[in-house]
Amino acid sequence: MNPETQVYLNGKIVPSSEAHIAIYDASVVLGATLTDMERTFGHQLFRLDEHLDRFFRSCKYARIDPPISKGQTRKIVEELVHHNAQFIDSTQELGCIQFISPGEFKVYAGSAGNADDMEPTFCIHTFPLPFSFWKHYYLEGAHVVTPSIRQVPPQCVDPKIKCRSRMHWWLADQETHLVDPKAVSLCLDLNGNITETSGSNFLIVKDEAIWTPSSKNILPGVSSNFVRDLSEELGVDFIEKDFQVYDVINSDEALLTSTPYCIAPVTKINGIPINSGKIGPVFEKLIGLWSQKVGVDIKNQLLNSSF
Amino acid sequence: MNPETQVYLNGKIVPSSEAHIAIYDASVVLGATLTDMERTFGHQLFRLDEHLDRFFRSCKYARIDPPISKGQTRKIVEELVHHNAQFIDSTQELGCIQFISPGEFKVYAGSAGNADDMEPTFCIHTFPLPFSFWKHYYLEGAHVVTPSIRQVPPQCVDPKIKCRSRMHWWLADQETHLVDPKAVSLCLDLNGNITETSGSNFLIVKDEAIWTPSSKNILPGVSSNFVRDLSEELGVDFIEKDFQVYDVINSDEALLTSTPYCIAPVTKINGIPINSGKIGPVFEKLIGLWSQKVGVDIKNQLLNSSF
Amino acid sequence: MNPETQVYLNGKIVPSSEAHIAIYDASVVLGATLTDMERTFGHQLFRLDEHLDRFFRSCKYARIDPPISKGQTRKIVEELVHHNAQFIDSTQELGCIQFISPGEFKVYAGSAGNADDMEPTFCIHTFPLPFSFWKHYYLEGAHVVTPSIRQVPPQCVDPKIKCRSRMHWWLADQETHLVDPKAVSLCLDLNGNITETSGSNFLIVKDEAIWTPSSKNILPGVSSNFVRDLSEELGVDFIEKDFQVYDVINSDEALLTSTPYCIAPVTKINGIPINSGKIGPVFEKLIGLWSQKVGVDIKNQLLNSSF
Amino acid sequence: MNPETQVYLNGKIVPSSEAHIAIYDASVVLGATLTDMERTFGHQLFRLDEHLDRFFRSCKYARIDPPISKGQTRKIVEELVHHNAQFIDSTQELGCIQFISPGEFKVYAGSAGNADDMEPTFCIHTFPLPFSFWKHYYLEGAHVVTPSIRQVPPQCVDPKIKCRSRMHWWLADQETHLVDPKAVSLCLDLNGNITETSGSNFLIVKDEAIWTPSSKNILPGVSSNFVRDLSEELGVDFIEKDFQVYDVINSDEALLTSTPYCIAPVTKINGIPINSGKIGPVFEKLIGLWSQKVGVDIKNQLLNSSF
Amino acid sequence: MNPETQVYLNGKIVPSSEAHIAIYDASVVLGATLTDMERTFGHQLFRLDEHLDRFFRSCKYARIDPPISKGQTRKIVEELVHHNAQFIDSTQELGCIQFISPGEFKVYAGSAGNADDMEPTFCIHTFPLPFSFWKHYYLEGAHVVTPSIRQVPPQCVDPKIKCRSRMHWWLADQETHLVDPKAVSLCLDLNGNITETSGSNFLIVKDEAIWTPSSKNILPGVSSNFVRDLSEELGVDFIEKDFQVYDVINSDEALLTSTPYCIAPVTKINGIPINSGKIGPVFEKLIGLWSQKVGVDIKNQLLNSSF
Amino acid sequence: MNPETQVYLNGKIVPSSEAHIAIYDASVVLGATLTDMERTFGHQLFRLDEHLDRFFRSCKYARIDPPISKGQTRKIVEELVHHNAQFIDSTQELGCIQFISPGEFKVYAGSAGNADDMEPTFCIHTFPLPFSFWKHYYLEGAHVVTPSIRQVPPQCVDPKIKCRSRMHWWLADQETHLVDPKAVSLCLDLNGNITETSGSNFLIVKDEAIWTPSSKNILPGVSSNFVRDLSEELGVDFIEKDFQVYDVINSDEALLTSTPYCIAPVTKINGIPINSGKIGPVFEKLIGLWSQKVGVDIKNQLLNSSF
């Protein structure tokens, strides 16, 4: 019997404490890593196929061939989650991450072999979702700030791939924290359009509709996509368009969507309250409907978590 | 007595075989890593201070405070190189890399502590320079290709920091290799200006002068800077300006500069021979002068290396 | 009985002849002024709430807090219009303007107090709409010219706020008048898309639909919005998209919408007739429907005005 | 004997208390105002001709013809300063501002005459320089912040004219004050280059040279130009080039130049100390030399001022 | 009886062998030529009016007045096609091209008359469609490559006019052929959006819809427009939006539309298979429906052609 | 004895009256033509080698291989000029143009051969310079206008090649002629910088120096280059930099340089006089020195020409 959580790494299941990356892996040397992440509700994986599809689309775009198929990946994810869930209690949930890099640059290890002779590094691991990180989102709403740093444009790295060359997000957050240490960076694109935050999609509610930034600038979010489905049920239009800070300031509500906390209200941008600065009714309807769909009271679970 | 090369990792000297990175280190998760690299000539470090200055400038820009001072870093680099040089023979040289990330995201390891409570990950390691990789540069000249992927602009991530969010370079190289598997990507900026390659600065020789792309678009190269010094000795102007593919095609010579191979001739761009497609005299003068300065016949050493 | 029109200025009603601005008011020194304007039909205010909402949105964006509420502003507007309407005859109508600046820079008046200690300057005033200015619009159609000067992009000043830093429009008009002294500047954005004129929104009719430039580049016009409502009644689609000079030249009709003259046909762009260069049927339908809604024959009133 | 300071307004000398602008003047309605400002040292005007030349260049660009010649303007400025200087004591100095707008839009005053029939509004006024505002610059250095708002590009309004459509600066400062209420906005251009602050030019000292942002993005500063002259005397190169935040962070010193306080050290950008965060030697040399040239100890005068 | 095909040139019908252009015609000297092209199915012209409308729109935009009316042009096209069709057999079809330039620059012929005194050069000619050129499109699918060369933006030359200043396409194709000699250039716009190829529109099929690049970047294709009509019949949405290489790689199918071969599947982009790299069902449905509409089995005709 | 001027066309010398281009030549179909032009002074060719070098650089860039060498081209140019000069009198001069296209698209002539099987079309022809066209330049100075149309950026077609895809210049001139029928378009680049006119380089004189727009945006002019040489003799600096309309308006003088008329003063931009609107002294010095160098009084020759 295994007394520890497990990690899938390059074809093997290893104890988490033994899962390491070589210092000369392309993920460390280049940040040339594709990733994706799913979570559980009641210890059941949510929309796993959508996450795997997006992950394999990222890989195809970046020409990094996963050594195992989508079906095999699904199986490993399910098994890892099943195994690792026994280490958390029923009030907790798991996040599960898969990532792939082109592999190790052997030359840095002192080997002068063929540089092209690389094997992808493929890892899958889980972790308990640290709900306490996001409690203030549900209590006061998230705050966003638009820093001077801009989103990387698609002709450099397409934001539709979930990759780990995210220095611009690190830089953006350093600026943002000067304004408010708990705020999240909401980067503008090179033309001044709203894009996304470093960890979530960003939506606004305006004139009975939900607006999403245009697809050229953002990750096609699985949670955002689910909100699209839910808003259809609620009879609310879901519109894709370029919009700017003015639209956010003068919106009815603003929202973050992200795998770990699903959906969160945004109540301030650059220190300015959005509408009255209160959490709004569309957020409440969406999270209610979402909870219903997954059989978990998302807000209560998160707010009551001691983790 | 230590039978193995050593690595500095987070305050400790460890055997290379034990130097690993956690899968939830910011270097893996975000690519938020700063780095630099120096090399030896005759096992003596070359322009170490310039490399350390640039490394600390990168850190300051990205607000990642190295846990040790520049002086301490220098000392460790020198000691590591001294120790690890005993494992190579006298025809070989060492490269030495330092890199830093914001540290481990403990939450992925199952800890729900304060997210801001991170300790930087700081690593210094060496490797024998694999001279065989670059032999064809000295024999036929390097080939460059301008892919459709563009250099990340400075308002996203300033190219003046040596960082490891380099997915765009990975993508660029995938495109470039469709044209010529041995070619190097020479990315244009968003306005169509020449910038740099993924591993080197790019210069052209034109009308008795050397042109470098403007500083907004490139890493301030230590080797390129040394070429500036050498060209002064040769009475050749060194000019910074925006230039385009046309200028490269119609230049007298083109050059790559990079720490491991110092300087290399470029003889083709997008399949078009530069000038006559032959290695040119300015390259020969520069590498001759450089060899003289460091007391090593750089070209011969590289061409005769069996590694 | 008051023998003169009145102005609201900083909490007081004053005779128009006494309404002045200090030479060191921020409106004069910085052009940091927000404004809006409504008009009457038959001396009744039209869509006042929409204008006030837009005005307060502008203020919120620019972080200038009006010293009185939206309700109070409405009341003052109504009273001013009521009072000042007695000085015009029944064939005339009033325009009513409110504007706000951050207030006076006392330092320019010789006071060295706290620079931040500013009281907003808030003014509301009316004027008889000078219908004669626009008669040629209804008789021959307006002419527009695209000058070399470009619309200010939203990452500098969002065109969705109605502000008075309009030097670029002044410059644009100087260029435009070289082509045709009666023409109106239709600025392109930095990418060559049609935006708006200095005093109106710009629409085209094409393939049974009305096209408006995308919201990133224009003021959200109250009149344009009303045309959207009217076009719905007429069964004509109202579409937001980026379009260019080519689309205008090859449209069926083009239109200006603006508070004082409501809607006007555009018959030439850069000297090229739009369609046949004649006033078109969609314009006629829209102004007919508009007249019906407000109980005033807009075209006749304007054409027959002696003012 | 005149008991009050005087203002020149539209051909007349009036007491300051009677100098007002009509609420429908183009300066208020459009922000279509050109301006310039000079100051005294020991009550003597400094480089007046340079300021007047720049003012008349602005007017020519914007096609607003001053109703009086440059020579007449000079005479009025000199007389006003002479007269108004009697109201300050010898430790104080005067700033003198001239501004011009296209004039009053008579239509807003109820006149339906020819819209083109406008007379420019031309005003010249003085004020005692409020030295206390800038004391902290000399004591701790100024702090600058790069907000998300961008400098208006020259194809919209050329920053080489000193105009008063400055809403973008107002917006920039609102963002900047979220980071630090005493900081000054240093706007980037649309490509991420450093430009200027709302009230000064910005220079850096690097590698024994002074760098100024390129002329496309900034006002050609009279003070900055004087620093160019002084740096020539000091044997320091003065270089024009595009540079970025990285260059400022890693400069030796940074400087503001502006008419009222001449030159000031900048010690922080976005919260990061420039060099050691201390006031640097090039600043000290420049202000020393400047003081010598004008026969006033600039730093002492400012620091000792009670105004 | 005429033993040769005919060409319309400047008001005359001439034998093809006598149809020449002066070396100093504006079409040769400036590339200032507008053009359009239609084809036959079963020797009957297809959508001629749409082609002529687009041609006359191009002319209006470029201010080159055709010397004959649209009706006259139609008549000549019909007569030429009727006459020239007798020289091909029934398995072949004709393409018909009309083009216009501002005319001859007489000065190059040694005449110093008025430069403005030019007569447009107007030519209409036909040619048998060389079906063999496109057979591989129907057998393996077309391959597209995105070169570093970008589409000319609409503020330089609007891509909505079909003009013959196409050097950028020539340059793009030279780069593309380095990757694959049979591939077609698919240029990106300056922001990295997909536009069109040098000879066709480009569409993708995604999530049950067909996407076309936005109108700012492409020729409004007559074939693409016909696909819009057909897709409506098939119950497939036809959506205009900016999209990027990622979207093409991860689309279900991609398509070229062009007058000579109507519609073709695209199976690779930058060497990456689109979907499975096989010809897809939407293409098959569209070409089937198209064949039905025109009474010609388009695919068979093309594949069986010996020409 | 030959009674007619001659043209070189595809390997043959033909009488001018027989020099035609096929309607399906790439020069007509694509505008994919490279060209260059030189002129005589006293019937002697001026700087022929510089023109040929530039022509062959253009060809190399566009990958169109001239079928004859540079030496052969020179010989033909010299012979043609020698022969054709006998048809003009001694007060006239010849221009000589060479141009090359990829050749004829045989498919349009009904041949279904290999599309790649093309032979370049290479033509060299002369014409008497029509001096009367430019007389007003020398008498009143040229007038330039900046239209809304922008220069094509180097990532689409590099302006450093002299090519004949010049539709944007045609469009620009149509707009410019609305302002002034004799004015010349001076296109801005996409960022608002001054570039060149459709037929000449554009320079300004400012602060004792001559400024040229930066090389990214313009043809490297042979005449402009000669002015650089002359200005060195005159002790005037020649500086390359981005500049804007403001700089032109406020320059001391502005100049056009072009092969046929060498150098001309510009006295107005957008209707605004440059300096006093008079022809300036630097122009006079330059044309004087130029005349001296070539042994022809350029101004007199041009002004006195009856052609």
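Note that the chains are named A, B, C, D, E and F in the order they appear, and that numbering of residues resets to 1 at the start of each chain.
Quick note on the criterion: contacts are C-beta pairs under 8 Å (C-beta built on N, C-alpha and C of every residue); 3 or more make two chains touch, one makes a residue touch a chain.
Please read all numbers here as calculations on a predicted model, not as lab measurements.
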| item | value |
| --- | --- |
| Joint neighbours of subunit E and subunit B, given as chain labels | A, F |
| Smallest number of contact steps required from subunit B to reach subunit C | 2 |
| Intersection of the contact lists for subunit B and subunit D | A, F |
| Chain whose mean Cα position lies farthest from subunit B | C |
| A-B or A-E, whichever has more C-beta pairs in contact | A-B |
| Whole-Å separation of chain centres (CA-atom averages), subunit E against subunit F | 32 |
| Centre-of-Cα separation between subunit E and subunit D, whole angstrom | 56 |
| Subunit D-subunit F separation of Cα centroids, rounded to whole Å | 43 |
| Subunit D: positions in contact with at least two other chains | 63, 148, 150, 153, 155, 188, 190, 192, 245 |
| Touch relationships between chains, expressed as pairs | A-B, A-C, A-D, A-E, B-D, B-E, B-F, C-D, C-E, C-F, D-F, E-F |
| Parts of subunit B lying in touch with subunit E, wherever the complex brings them together | 145-148, 150, 175, 178-180, 188, 190, 192, 245, 270-271 |
| Interfacial residue positions of subunit A with respect to subunit E in the complex | 57, 60-61, 63, 153-155, 158, 160-161, 214-216, 240 |
| Subunit D partner contacts - residues on subunit C that touch it in the complex | 5, 7, 9, 16, 19-33, 62-63, 97, 99, 102, 107-110, 112, 115, 123, 125, 127-128, 130, 132-133, 148-153, 155-157, 163-171, 174, 190, 307 |
| For the subunit F and subunit D complex, residues of the former touching the latter | 188, 191-193, 241-247, 249-250, 272 |
